Amino acid sequence: MKRFSPVGLLLSFSLLLLASLAQGQNYITLASTTSTQNSGLFAHILPQFTRVSGIEVRVVAVGTGQALRLARNGDADVLLVHHRPSEERFVADQHGVSRQDVMYNDFLIVGPAQDSAGIQGLRDAVAALKKVAKSSAAFVSRGDDSGTHKKELGLWQSAAVEPGADAGAWYRETGSGMGATLNTASAMNAYALVDRGTWLSFKNKGSLQVMVEGDSRLFNPYGVILVNPQKHPHIKETEGNRFIQWLVSPPGQQAIAAFQINGEALFHPNKR
Amino acid sequence: MIEFSEAFGVAFSLLISLDHELAEIVMLSLSVSLVAVFIAIIVGMPLGAALAIFTFPGRKFIIVGLNSLMGLPPVVVGLVVYILLSRSGPLGVLGLLFTPTAMIIAQVILVLPIIAALTRQIVVELWSEYEEQLRSLGATPWQALPTLLWDGRYSLVTAMLAGFGRAIAEVGAVMIVGGNIDHVTRVMTTAIALEVSKGDLALALGLGGVLIFLSVGVNALAYLINKPASLNNPINKPTLFRSPIKENVR
Amino acid sequence: MTSQSILPLELRAVNFEVQGKRLIKDVSCTFEQNLRSIIIGPNGAGKSLFLRLCHGLLQPVSGQIIWQGGGDRDSARQQAMVFQRPVMLRRSVRANVDYALSIRSVARPEREAIIDEVLQRTGLSRFADYPAHALSYGEQQRLALARVWALKPQILFLDEPTASLDPPATHLVEQIIEAIHVAGTRIVMTTHDLGQARRIADEVLFMHRGRLLEHAPADQFFDKPKNEHARAFLGGELLWWHPKHPLHKPGSKKEICQ
């Protein structure tokens, strides 16, 4: 019997630790996107909110599409995503309560240094994508119903190119997050659409460079929504609202603006 | 290939500096998986032993089912547990989604078939050796069950380790039901997945190194705990023969 | 614990088969109280199966096995068996005996004294706290005897208990069997060792190819076996030790080897 005591000790310790974790009382769950998580924004701003409010923010980072589904199921209190049409439909369908602008940045088209499609320096994203399709240069898509993916599909539509199964081998869908998609693009020397936040913080760029930026169609606004407490009574309305108010208040907006990598801001607050 | 040398350095410095956040992640990984494996043992071992001893209609189907469940895709388990625990799901009222408890539930589902199936295999062999003797002494199958589990304890450690290995290395299920929330449900594997998606391959690989280190540690511990067992092995008899060994007395 | 005996044991036209192959054929016999019966016969005669049928580990396909005595309704509780290769539970010597007692629901306070006694009488006292697996082969067989002795069975079946032991270990085991018998237990035992059969037997059962061919008092059997196969067996076996024995007949040995 004696020999089993270390196991028992470990086990009781584990149970104690888990019990202490389950105790975390004052928190909200935020469903958000991989782009905000991967860029490091949350690690920068959330501790500031917790310090002033005493409310912990637990971030579940998934694609915008999945984040919306999580919120619709009532599995999150607050939603912070970046695909305006979906967000507005979400509110219109009574799943969420009033959407507010929080911040924005922009998308970039990145690609390999040799630039076989010859699009580097273009300001017209749609024209650039047309050239990519025409030269059949490899392009890697998120393919995961995320905000970035939806934006990309919108751009292809404007370019009158129908990517997908019949587009040919040059168009690849990874079906995964922004980081994983960039890893793939980097390994394949392919073009990809990426948000500036993820791009700046991404560490495995390889030969990838910024090809196209500055097009107004590449605008990337983020909105915040409280999940409708009338649909899901367990939603932490007070705490959730407190977080949203902080986010759009001067301290929150300043915190967002102060998040920079190499002197470059990753997100621009909507209100200064 | 720079990553490997870099990763080694990262793993080393992470371990040396006893990085607070890393320690937290490691502890959570260990706690979740240990508790999950413990529950799976409590349920799975008697279940496996019962399948070895008792004969009843449908037993073969259960065995085949159990064996196939050993290869259950974690993502599917994660998805099913998510649907069950979601606020819109049947168990939503419990509010367990995105908690360590949800991760334990998912891991129990993943580990239980492994432990039960391996236990069955071990007990079947032992039972073929023991059956006549135990029946002759008058033991009922219900009495034989704990006897066989106890006498197979040293082999059963392997089943436990196999289960623990699956639990600690699994990422798909805990990612979905845990949500990889910093300080709450972030474990080694989801942390690795996150660093990969940030493109920080060196850090991811370093964390992987720490995970392997952890796994080796647990296995080494099990080996040490299990070591007196080898003295019980007839092969080692000469060294033990007539030497006063005091162990597992009564 | 034992007020009335479950014996005698009667077998009526017992048949046993595995996958349609009859291995025990029409065996009828009676085991009276207080004797030592030795079952002999060539390999494959069905001796071990016969013991297991009597002990209830196997069920006959036809025929009856009846405990005629008025004793314990649950006759299994009054029986025990020692196997050719005893199963040692992976625990201490003492715990092995204790396990058997606990299975027969002997109260915990009573066990201690019983265990001490049987370990002492089998010469295993000083190994009481050793892992059973650490014992030598002969000691393991003695522990198996101690384990059944503790149960104080009315009848003890032994399946070639000394088959893989050397002469000194065999001698010890025979002594213990004798002591168990003296303490009041009916002995039914198989063996290949004719010398052992002569030393122990009160009566002999000769089996051949699944049939019980002769059941006779020991002196009578060894002096004048009635059955010709038994004669051949005794002769053939003796020939291994006495190659020039007059009983040797060329045909007999072939038969035995089948």
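Note that the chains take the letters A, B and C in the order they are written out, and that residue 1 is the start of every chain.
Just so it is clear, a residue touches a chain if its C-beta (ideal position, glycine included) is under 8 Å from a C-beta of that chain, and two chains touch if they have at least 3 such contacts.
Note that the structure is a prediction, hence the values are computed from the model and not measured.
A.B. asks: Of all chains present, which has the mean Cα position farthest from that of chain C?
C.D. replies: A
A.B. asks: Average the C-alpha coordinates of each chain, average all protein C-alpha coordinates together, and give the chain whose average is closest to the overall one.
C.D. replies: If one averages C-alpha positions chain by chain, the most central is B.
A.B. asks: Taking contacts as defined above, which has more of them, B-C or A-B?
C.D. replies: When the contacts at B-C and A-B are counted, A-B has more.
A.B. asks: Need the CA-centroid distance for the pair chain A / chain C, whole Å please.
C.D. replies: The computed centroid separation for chain A versus chain C comes out at 79 Å.
A.B. asks: Cα centroid separation between chain B and chain C, in whole Å?
C.D. replies: 46
A.B. asks: Could you please state the distance in Å, as a whole number, between where the Cα atoms of chain A are centred and where those of chain B are centred?
C.D. replies: 34
A.B. asks: Which positions in chain B touch two or more other chains at once?
C.D. replies: 248
A.B. asks: Spell out the residues on chain B that touch chain C in their complex, using ranges where they run on.
C.D. replies: 129-130, 132-139, 143, 147, 150-151, 153-154, 231-234, 237, 240-241, 245-250
A.B. asks: For the complex, give me every residue of chain B touching chain A.
C.D. replies: Chain B reaches chain A through residues 27-28, 30-32, 34-35, 38, 86-89, 92, 95, 97-101, 104, 179-184, 194, 196-201, 221, 225, 228, 248.
A.B. asks: Of all residues in chain A, which touch chain B in the complex?
C.D. replies: So the residues of chain A in touch with chain B come to 1, 3-4, 6-7, 10-11, 13-15, 17-18, 21-22, 24, 29, 34, 37-38, 42-43, 56, 58-61, 72-75, 176-180, 182-183, 186, 201-205, 232, 234.
A.B. asks: In their complex, what parts of chain C are in touch with chain B?
C.D. replies: Residues of chain C touching chain B: 52, 55, 57, 76-77, 79-81, 83, 86-87, 89-92, 94-95, 98-100, 103-104, 129-131, 133-134, 136, 147, 151.
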